[in-house]
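Once you scroll down, you'll see the structures, which are given as structure tokens.
Common to both upcoming complexes is chain A, partnered first by chain B, then by chain C.
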Partner chain A sequence: MILLAFHNLFQNKTRLVISVGGVALALLLILSLDAIFAGVEHQITAYIDNSGADIFVAQKDVRNMHMAASAIPASIIDQVKAIEGVEIVTPILYVSNMVVTGDKRNLAYIIGLTENSPIGGVWNLASGRGQPGKSETIIDRSIAEMSDVELGDTVEILGQRFTVVGFSNETANIVNSIAFISLDDFQALRGSPDVVSFLLIKTHSGLSADAVAALLESKIDGVTALSRTAFSSQERRVVKDMSTDVITIMNLIGFLIGLAVMALMVYTAILSRRKEFGVLKALGARNGQLYQVVLAQAFMSVVLGFGLGVVFVLLLSGIIPRLGLPLSLEIRPISLLKVGGTSLIIAALSAILPIRQISGFDPAMVFRGT
Partner chain B sequence: MTDTTLNVDHVTKRYGSSSTEVTAVKDVSLSVKPGEIVLIMGPSGSGKTTLLSMLGALLKPTEGEIHLNGTIISALSEKHLPDIRLKQFGFIFQDFNLLSALTALENVSIVAELAGMKGVAARKKSAELLADLGLAGRLNFLPEKLSGGEKQRVAIARALINNPTLILADEPTANLDSKIGHEIMRLLRQIAKEQNRSVVIVSHDQRIKDIADHVLWLEDGQFKEIVSMAIDPVCGMSVEREKAFHLSLNGMDYYFCAKGCRDEFAADAEKYQQTNEASF
Partner chain C sequence: MSLAHRNLFQDKTRLLLSVAGVALAVMLILILSGFLAGMNHQITSYLNNSPGSVMVTQKGVVNMLGATSLLPPGADVQVEAEQGVEQVIPILSQFVILDLHDKKLPAYMIGYDPGQGGGPWRIRAGREPQTDDEMVFDWVLAGRHDLSLGDSLDLMGQTFKIVGLTDGTTSWMTSFFFITRKAAENLLRTPGAVSFLLITPVEGTNSEDLIRRLDDLPGINALTKARMAANDLELFANIFSMPLRLMVAIAFLVGTMIVGLVIYTATVERQREYGVLKAIGAPNRVLYRVVTTQALFASLAGSLVGILLAYGLAGWIMGARPQFLIVLDPADMLWALLSGLGMALAAALFPARMIAGLAPAEVFRK
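Let's look at the complex of A and B:
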């Protein structure tokens, strides 16, 4: 009977393509969205992960960068330096704002860097210089390419004009990018020379970042200190929290589309073979056996659809970076599992519908002509 | 009772209820012996298909009983019917009703598998049966690649695969040209006689009257007169026994269309007896 399901499925090529393709596209929606957000989660912490810092010190109760503002007095830098285990301390200024290139406005993290700071700066320089001097900036290469900005051109940041002296890699995602300027310029624009946003700390090697962070918090009032990994995972959580609803809705839509496609496919597959199912019944097939055929057919198309969906998303993840889009698709095993599970549910649900249809077939109809 | 395969006892079938009620079959009785071929003829709408469906346990009679080898199949619950259909009946349809996605071989073997036979054994048995029916070279053809006569032979193989007691055929020749139709019916007769299977055929086709042992005429849901047919051994014509010229020879009965045929037969009985045997 499984053989029959197989042959039935492959006999009508158009229907096969529509159903398998439909399921594949629905699953692709779920898969690619998952992959995009997984990629974003990764990209969004790019600065933190590549900063070279072991510990981030922020204003009390600030635990991430995205959509957050942190202000701590520059005066505590000396206090921090005195803490056991701290090797290097570097302040940065940070604000979420725009890089305006001609008529384009690009959302960006603006980072203010001290001169010759060993940590917190550009980590993958594409071209030019990695250290911004006065009225200079380093912006993301892909953003620059999209806005036709070249080295030596000027862009507008926080209402001021900056000359682009370098392009950096890995500093853009679908949401925003990073632009580096000097700490002095940043402070001048802010009008508050004694305030910084974060302190980036490098510890002596061999020390636990968490332990040093805890020590920092206990010794210095008004700050929150987190190890890089803790800070980074906090940052990811913020993105996740923001994207959960979107993902849930898209997953639901994908699921419903897949279900609708499959239900329709199963329904028409049975309808078009009404006569043949009647014949099988007249010949002595039981409802359960006919049902097996339908179920097997549904599962086969969903498995094919799943495979095709995975192929699509793999292709997409290969193609998208080549288009120069600041988007990376990351396919995680967990989301494959999720989508695999979803597709099995789709198959099972779509195959429940025809139970009544099948048991309702009257075998006597076989003698009543077509 | 053991000498009848099928016994239809005062069976009536009514469709619908009250104002829309149609009595398709009225108080019909009939019995079929092992190896016997019964042809039911009659005008359109006379209830032939309805009767055949009841014989095949596809439809329950409103009144009366149908016995098959002593079992009252008309009283069986829906649960028991698939097994009976599978193992006791072989169905042959007007439009062949092969499964279009399966090859000739698979169309036959799937029915054997439904009856519990293992895949390999089912395929082997099906292939042999199809080869016996002259389809050895068509095993892996899809139905769409087969001619009408080939399709009907596949259907016959499918009907025979589970060694049924009774073969039921509704208009088996209607979609075949008359020569092929007749050939198929001869094949069916040969199988019935060799394997001692009973056959009930419903048909409009006058030309297949000669292969039947009995011809029944159904009209308005009732048998009008039961005509038993014989073949004139001289000219090959199908004749009604009651009206024919008759001759008894060595304990056998012979029927003729005309006095001339009887005389010819009497002159050289041996020659005609042989051709008569050979023709079936």
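Let's look at the complex of A and C:
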């Protein structure tokens, strides 16, 4: 019976291509959306993950960088340095602003760095220098390419002109990029010399970042301290929590489309073979055996569609970065499991209609030539 | 025509499935467009409802939601002194992340002087903040997190009491909430800071001339609120348009494949009839017309059902999740019908190719 299902499926190649392609596209809808948001989650934590810091200290109750603001008095730096386990403390200033080049404006996180800061700076330098001096900046390479900016050119940040002295890699995402300037320039422009945004801390080797972070919170008032892993996880949750509802709705729509395509495909395939099913019934095949054929055909189709959908997303995830677009698609095993499960449900549901149809077949109809 | 009609209606279940498939694809396209339009509406809600027609920002900043703006000290006094300026309202604003019920919720904080304006435009319950530990919160967000008037909320190390609930200040991505400007200064540790100035020009003043003069002041940038709104929209459209276009393209392809599959199957089943028609002298174009008519009917019926479904689903989504606003523009209906037409024409290609290759003698060999 499985062989019959196989023959039924592959007998008409055009129909096979259309139906498997349709299912693949519906599953692609679910997979690509998951992959886009997974990619954004990954990109958005690039600075935190690559900062080199073990702990991030922020204003009390602030547990994010993205879409957040933090202001802590610079005076606490000495207190932080005195905490057991703290090796290096680097303050940074941070704000969401624009990198303006001519008519082009690119949204960017502006990071103010202390001179020769050992942590919190550029981690993947494409060209030029990685440490900004006075009136100097390091911007993302892809943003520079899109805006035709070369090393030595000037861009406008926070309303002032800066000379581009370096290009960084891995510092752009679908939402924005990162630009580095000196902490002194940042403080002068913001007019708040006694305030910093975050303190980046490197702990002595062998100490638990979580334990030192807890110690920091207990000893210093008005701050929230999180290990890099915990801070990064909080950041990913912003994207996750913002996208949950959208993903749920799109998944439902993708599921319904996949179901419609599959139901139609299995239904038309069985309908065009009704004579054969009639012959099988006339020869004594039980309904249960014929149901197996229908189910096998549906499952084979969704397995093919699923495979094709995954290949599409893999292709997209390979092609998109080559086009210079700051969009990253990331396929997670959990997404594959979810879409795989959805495919199986689609296959089972799409078989209901043809099964009902077969159960009503009259074996004698084959002799009537209908 | 009659052959197309018979082919199509001969199997009602198949016709129903094909119409449903196209309807789902069209519905998806419409919902996605409506979702984007609603998001655009929500993004610019503050700019659309706050006083004034001109906005002053920090030099280099042309967006409200995209970038943080901090005006140079004394900018408000300089702007007030310019000729043609009737009213200047300062606000201090910043995105913050609220942690509510273990959920991260980006919200846009507006610090304003209740005596001057620039705060909430529609209070559903309660009142505006009077002290620096009071806030006005979005009622949809409050409802989702069981917050009501009199409740307390911790924000950046300080506790605020909710004294008012606002209408029209929500979106799926972010909501607006309001505190006094002094409270915002304390939270951000920026005493005396101003992010934006909302300017109302004296009646009869040439706005372009005023903007030019304001632009010449050091460290600031002036633009109309309409321009600012357009810039915010452009920024968010850039972020969301790529995934959205990808999904619309997928929906279109799925719809085309569904119609293609149905018409192709119907044509394969009737290939002997087509062969007979060819044998008795019917030119290919007549047969193409039969196939295209079937595709057109399935697509247009599907498009119409899709439009109805889109309205139904939009209503359901907005009822169940009030943070989503789905605006279905009548112009989008036209696009939906055109999409259906596009799907029909693309879908008719497969069966038309098959008919073109059909030998008239085929029918006599069977």
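Note that in this section the second predicted complex is superposed on the first by the 369 of 370 C-alpha atoms of A that agree within 3 Å, B and C clash if a C-alpha of one lies under 4 Å from a C-alpha of the other, contacts with A are read in each partner's own complex, and residues count from 1 in each chain.
Convention: a contact is a pair of C-beta atoms (placed from the backbone, for glycine too) under 8 Å apart; a residue touches a chain by one contact, two chains touch by 3 or more.
Keep in mind the model is a prediction, meaning the values are calculated, not measured.
Asks: Looking at the overlay, does A:S51 come into contact with chain B only (first), chain C only (second), both, or neither?
Replies: neither
Asks: Of chain B and chain C, which one touches more of chain A's residues?
Replies: C
Asks: Considering only the touch criterion stated at the top, classify A:T101 as touching first (chain B), second (chain C), both, or neither.
Replies: neither
Asks: Between chain B (first) and chain C (second), which does A:S197 come into contact with in this model arrangement: first, second, both, or neither?
Replies: Neither: A:S197 stays clear of chain B and chain C.
Asks: Would you sort A:N8 into first (chain B), second (chain C), both or neither based on which partner it touches?
Replies: So A:N8 only meets chain B here.
Asks: In the overlaid three-chain picture, which partner chain does A:T114 touch, first (chain B) or second (chain C), both, or neither?
Replies: Once the two structures are laid over each other on A, A:T114 reaches no partner at all.
Asks: Just chain B (first), just chain C (second), both, or neither: which does A:E276 touch?
Replies: First partner only, chain B.
Asks: Could you say whether A:I174 touches chain B, chain C, both of them, or neither, answering first, second, both or neither?
Replies: So A:I174 only meets chain C here.
Asks: In their complex, what parts of chain A are in touch with chain C?
Replies: Contact set of chain A toward chain C: 12, 14-15, 18-19, 21-22, 25-26, 28-29, 32-33, 36, 59-64, 66-73, 95-98, 100, 105, 107, 156-160, 174-175, 190-192, 195, 222, 234, 237-238, 240-242, 245-246, 249-250, 253, 256-257, 260-261, 263-265, 267-268, 271-272, 325, 327, 353.
Asks: So in the complex, the part of chain C that touches chain A is made up of which residues?
Replies: Spelled out, the residues of chain C in touch with chain A are 11, 13-14, 17-18, 20-21, 24-25, 27-28, 31, 58-63, 66-68, 70, 72-73, 94-97, 99, 103-106, 154-157, 172-174, 187-190, 219, 221, 235, 239, 242-243, 246-247, 250-251, 253-254, 257-258, 260-262, 264-265, 268-269, 317, 321, 323-324, 350, 354.
Asks: List the residues on chain B that touch chain A in their complex, please.
Replies: 49, 52-53, 56, 58-59, 82-87, 89, 91, 93-95, 97, 99-102, 106, 110-111, 113-115, 158, 170
Asks: Residue numbers of chain A touching chain B in their complex, please.
Replies: Its residues touching chain B are 1, 3-4, 7-8, 10-11, 275-276, 279-286, 289, 363-364, 366-370.
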